[in-house]
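First subunit A sits with subunit B, and in the next complex the same chain sits with subunit C.
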Partner chain A sequence: MIDRYRWWEYVLIYLGLGLLLVFVLAPFVEAFLVSLRPLDGLFSIPYRFVTEGMSFDAYFTMWKSVPLLWRYMLNSFFIAAAVTVLGLMAIIPASYAFSRFEFKGRNVMMGCFLAVNMVSGAVLIIPLYKVMQNLGLLNTYFAMIAPGVAFVIPTGIWLLRSYLMKIPPELEEAALVDGAGRLYTLVRVIIPVAMPGIMVVAITTFIAAYAQQFLYALTFNSVNELNPLPVGLYQFFGRQHVVWNELMAASLVGILPVLLLYVFLQKYIVAGLTAGAVKS
Partner chain B sequence: MSQPSKPIDWFPYLLLVPAVVITLVIVAWPLAETLRLSFTDASMNPETHYVGLENYQKMFARNFPEVVGRTFAWMVIGVTLKMVVGLLAAVLLNAAVPGRTLMRILIMPPWIVPIAIGVFIWGWMYNGQFGMISGLGQRIGLLSGPFEFLAFKNSAFMATIVTDVWIGTPLVAVYLLAAMQSVPRDLYEAAWTDGASRFYRFRRITMPMIMPAMATMSLLSAIWTFNSFDIIWILTEGGPRNATTTMIIDTYKTAISRFRYGEGSARAVMIVIFLTIFSLLYFAMIRKLSKKGAM
Partner chain C sequence: MGQLNMRAVHKTYGTMEVIKGIDLDIAHGEFVVFVGPSGCGKSTLLRMIAGLEEITSGEVQIDGKRVNDLPPVKRGISMVFQSYALYPHMSVYENIAFPLRVEKMKKAELDARVRRASAILKLDERLGHKPGQLSGGQRQRVAIGRAIVREPSVFLFDEPLSNLDAALRADMRVELSKLHSELDATMIYVTHDQVEAMTMADRIVVLDGGLISQVGSPLELYHKPANLFVAGFIGNPKMNFLPVVCESSGLDGVTVRLEDGGKLRLSVAGRPGMEGQKLTLGIRPEHLTTGGGDLQLTLLPRVIERLGMQTVAYASYGKDETPFTAVLAGSAPAAVNQPLHLGIAGSDCHLFDRDGVAFERDVALTDLDPTQLLQAAS
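Right after this comes the complex of A and B.
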């Protein structure tokens, strides 16, 4: 009964939700409509939602105009996956250390990791650019992966540490009494038990790494074959004649995989994003 | 009595090696190097000299104070809008009405898709001749003719903020929603039995209970907004006539577009100084809140 609303409260709630969804989804709807319009219909005045001759043609012709679209999508996935795997290799042992051991400098180190969140890639870009240039690493996947890894570590440690703290220590004590080594215990006892938590960290890391590939690729890479999706498509914007319908079609096709991923894994993603909001 | 000193256990330190090495190489060393470069005339020229504070003097002699003011205006307006819209969205998504699960899923895409792709679409929407906003504005009579949002100083400034709000609000909303859902239900039921109205329950129970989450989120959001690069770069590259040049954009333009590494580094150092003040505020606030037992 506490959850019962009067009729005008229903109206207000749905009106508010409706406005919110219009704001959130309008760009996607617009992108879809643009992708369906023929180019001359696109530039019609006055503005209309539905124009004559709408078709899915752009979804076929775009593969010619953006010949590397597949490459860009694969590159984006590869870079985000590499950041996730490398990130986890640092995050898992570090959060295990922070959750289980008392050692000198523990709190200071945790604070330093969290402080990394205050720095952004753009601030460090000058020395990174110079060192990549000197080591001949410009125009490699490595240049686009490594900076990303450093910036996913702090949040990852923060998330996984609180998860590991909930696992009873008796579990690994039993393994240690049985004579298992400490590293063996981490790999064979802790990691399997912590799998749900690791999944949450892995998926949030992947989504973050996928969403933020623009700056490093724009700065460190000029080989088109290596470009991730955002920079691959960005080149088409500076042109004299932007083929908007094909570009919107390519953008939508490009984001489809990650949207599907979100729909299937949204429980994990929301859990990862909101971990700090819930008191434990 | 001195305690028998235990041998140091190296195992936890070994576990930290990968994370520490990556952070040192990618974050700590570049940070120190940025500071050093800020005192040099580093450029494409392989020869560099120490020039003392010259880069800082030049920077202040140019338009730097203006850039700082603009950065803070951009951040404060953006964060305020994100928090207000995000809080409203969280309240609506928390209401027990049919369809809310679907709504909760539908609100996230702006945050999920690559930032740059969302911004491409906004770039088209702001187009004066053919874009949706100018087009609809003319249809309902708000605009008398085509309006090129990104071509004028004030409208470009607001347009970049609106896009930033679009990208940032979903996270604020789900974060605050999670905080609301963790408020014990018996608090509401007790208040309800006493006849408290819905608004009263929101003001006296929900708001105080989600205050720690609001504080954390607004500071995180402030830091992210301060550091925002993609949105402005793709929409305006800092223009028109510097109207959207924030500190990050100014640093990038100086260092990467004009190859003035030294002068760019001085700007990056100023960003770090401002962000350090932020982080200190952040930790002070967290500490204060956790002392009160609120977190």
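Right after this comes the complex of A and C.
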């Protein structure tokens, strides 16, 4: 396909893109600027981009004002990683079954998964609290991981199933003729071939888990050492005032792992989401 | 060793019957080709033998053992797929070794077997490559390598050459025939390409609508097609058919009258009571001659293809403008819309009754012409 635009069409396209980018990135820019400002430079009227005494001090002092900050970051990472690993252990075999086997209620179940996605976790937080309380699981990592896993599985199955359906069934038939059982075929043939799709699911699951943990941690956990970053950030909210610059600095450092993950793995995301769209 | 028997094999999908009762015996070491038009059930039948499709009723035996309910690997078969179905993430070596890895074979023996297979298929230099780096012909050879490494008694091929270009296909045909004689194994091969069927098969099974239309050697099918379907299917360009009326019918020959009044005596075994019946005369395009013959036909060529070695005339015959194809010498004096007079010999013709069943032709079935053998000897 050949696209030829006139110069003013290019101007319009880039204007549109620029507007969108400003809209999306403005909070990050503001967060970064705030993290650099001294506290008394925050509320200047009129608004100024550059205020006096800008420095990276907040990035150093934040570790002192909230000593467990590194622990919260590790917790966040650990919870999200655990949700991803446990989620994939359920998603891969389940989506394989959904993509290959005919069984009663298959489509109904897929529909239910979609419906579960429409219910926000917040709606279920009180019943979940009761369950956790009765099982004695409150204030454990498990309490924050298990509901996370449950909520990422349906989306994961939908994503991975469509990828697995594009893998030609001859591949499995060949493995079957070669004597491999279903499980052997899944592990040795299907999973390696589906790796780009699995990567996409892993990344979306990780990001979803990273984002959703706040709610579970806030309700199911009151042990400080186990808190993930979003809850830990509340420690910057003092009685008198909020330490905005350190809060923003901690937030930015906190999202760094996800950001790096995304930068390094984005080629998989693009490749995975478009694979099979056009016959090569 | 590699003996296969099928008894009243049926396959139905819901209410649709795809395979309508197949009885077939294949001896050890035979190269049998299933051929037929799309949707005739040839691939389904192969997949039923392989164990990839369930057998609705009937029985499939391999080496005298009922295998209906056995998984593919326990049947002692291996299969080559049309799409090759190579494992894209594994090297050529690992692809070929895969069936042995499944068996958990000892490393030394596994290596020896893979090396042997790759030597037969001339893949030695490619063992470290991934399938994506190979050409179509090499991928096909890897797929065959994966099939032979387990040394099964029956090989199944599902249109293995249809993804290759014409030149490569011709090469692979020869290689497969060689492989068959080297391995001393039974091979069952599905194709819709009659050239592949004619060149490689010991026996061809022509399938039509889920039933066996005819089983025979390639030349048997060519010279003695059992019915109209096989007559039209085997041979390229396909056989011409003309409506005729039976004049007289005897055991030593049948005389028929064409619609233009011309009479022709055919060397086929007649049946009593055929006189006056409408029959179908079959004549292959390559059996038409310019001049000579027992009867002259007047054709009107519509399209002429000059291939150098021969000339193909797509013509119409008679007042109904029946399509009629003739294969003539390369320099035959044929021109578009110029009437063409061609001769046919009664001994070359086929005759079919109203149900499409052939009258037995009186021809000797040998690969070699005895007169040419005598000439060569003298």
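Please note the rule applied: the second predicted complex is superposed on the first by the 247 of 280 C-alpha atoms of A that agree within 3 Å, B and C clash if a C-alpha of one lies under 4 Å from a C-alpha of the other, contacts with A are read in each partner's own complex, and residues count from 1 in each chain.
In the analysis below, contacts are C-beta pairs under 8 Å (C-beta built on N, C-alpha and C of every residue); 3 or more make two chains touch, one makes a residue touch a chain.
Note that the structure is predicted; figures quoted are calculated from it, not measured.
After superposition on subunit A, the partners subunit B and subunit C are seen to fit next to each other with no clash.
By the touch criterion defined above, A:M165 reaches neither subunit B nor subunit C. In the superposition on chain A, contact is made by A:V177 with subunit C only, not with subunit B. In the superposition on chain A, no contact is made by A:L260 with either subunit B or subunit C. Note on subunit A: of its two partners subunit C and subunit B, the one contacting more of its residues is B. Of the two partner chains placed by the overlay, only subunit C lies in contact with A:P192; subunit B stays clear of it. Once the two complexes are laid over each other on the shared chain, residue contacts for A:Y129 go to subunit B alone; subunit C is not touched.
Look at A:V22: by the touch rule set out above, it reaches neither subunit B nor subunit C. Of the two partner chains placed by the overlay, only subunit B lies in contact with A:L229; subunit C stays clear of it.
By the touch criterion defined above, A:L74 lies against neither subunit B nor subunit C after alignment on the C-alpha atoms of chain A. With chain A used as the common frame, subunit B approaches subunit C to a shortest CA-CA distance of 9 Å. Residues of subunit A that lie in the contact sets of both subunit B and subunit C are absent, per the superposition on chain A.
Considering their complex, residues 2-3, 5, 9-10, 13-14, 16-17, 20-21, 23-28, 30-31, 34, 42-48, 76, 86, 89-91, 93-94, 96-97, 100-101, 103-104, 106, 109, 111-113, 115-120, 122-131, 146-147, 149-151, 153, 157, 182, 186, 207, 210-215, 218-219, 229-231, 233-234, 237, 244, 247-248, 251, 254-255, 258-259, 262-263, 266, 269-270, 273-274, 276-279 of subunit A touch subunit B.
Of all the residues in subunit B, the ones that touch subunit A in their complex are 8-9, 11-20, 22-23, 25-27, 29-31, 33-34, 37, 42, 85, 88-89, 92-93, 95-97, 103, 105-118, 120-125, 129-132, 134-136, 138-139, 146, 166, 169-171, 174-179, 181-182, 188-189, 192, 198, 212-213, 216-217, 220, 223, 227, 229-230, 233-234, 248, 251-252, 255-256, 261, 264-265, 268, 271-272, 275-276, 278-279, 282-283, 295. Considering their complex, residues 168, 170-171, 173-180, 184, 188-189, 192-193, 195 of subunit A touch subunit C. The part of subunit C that touches subunit A in the complex is made up of residues 50-52, 71-73, 77-79, 81-83, 85-90, 98-99, 102-103, 146, 150.
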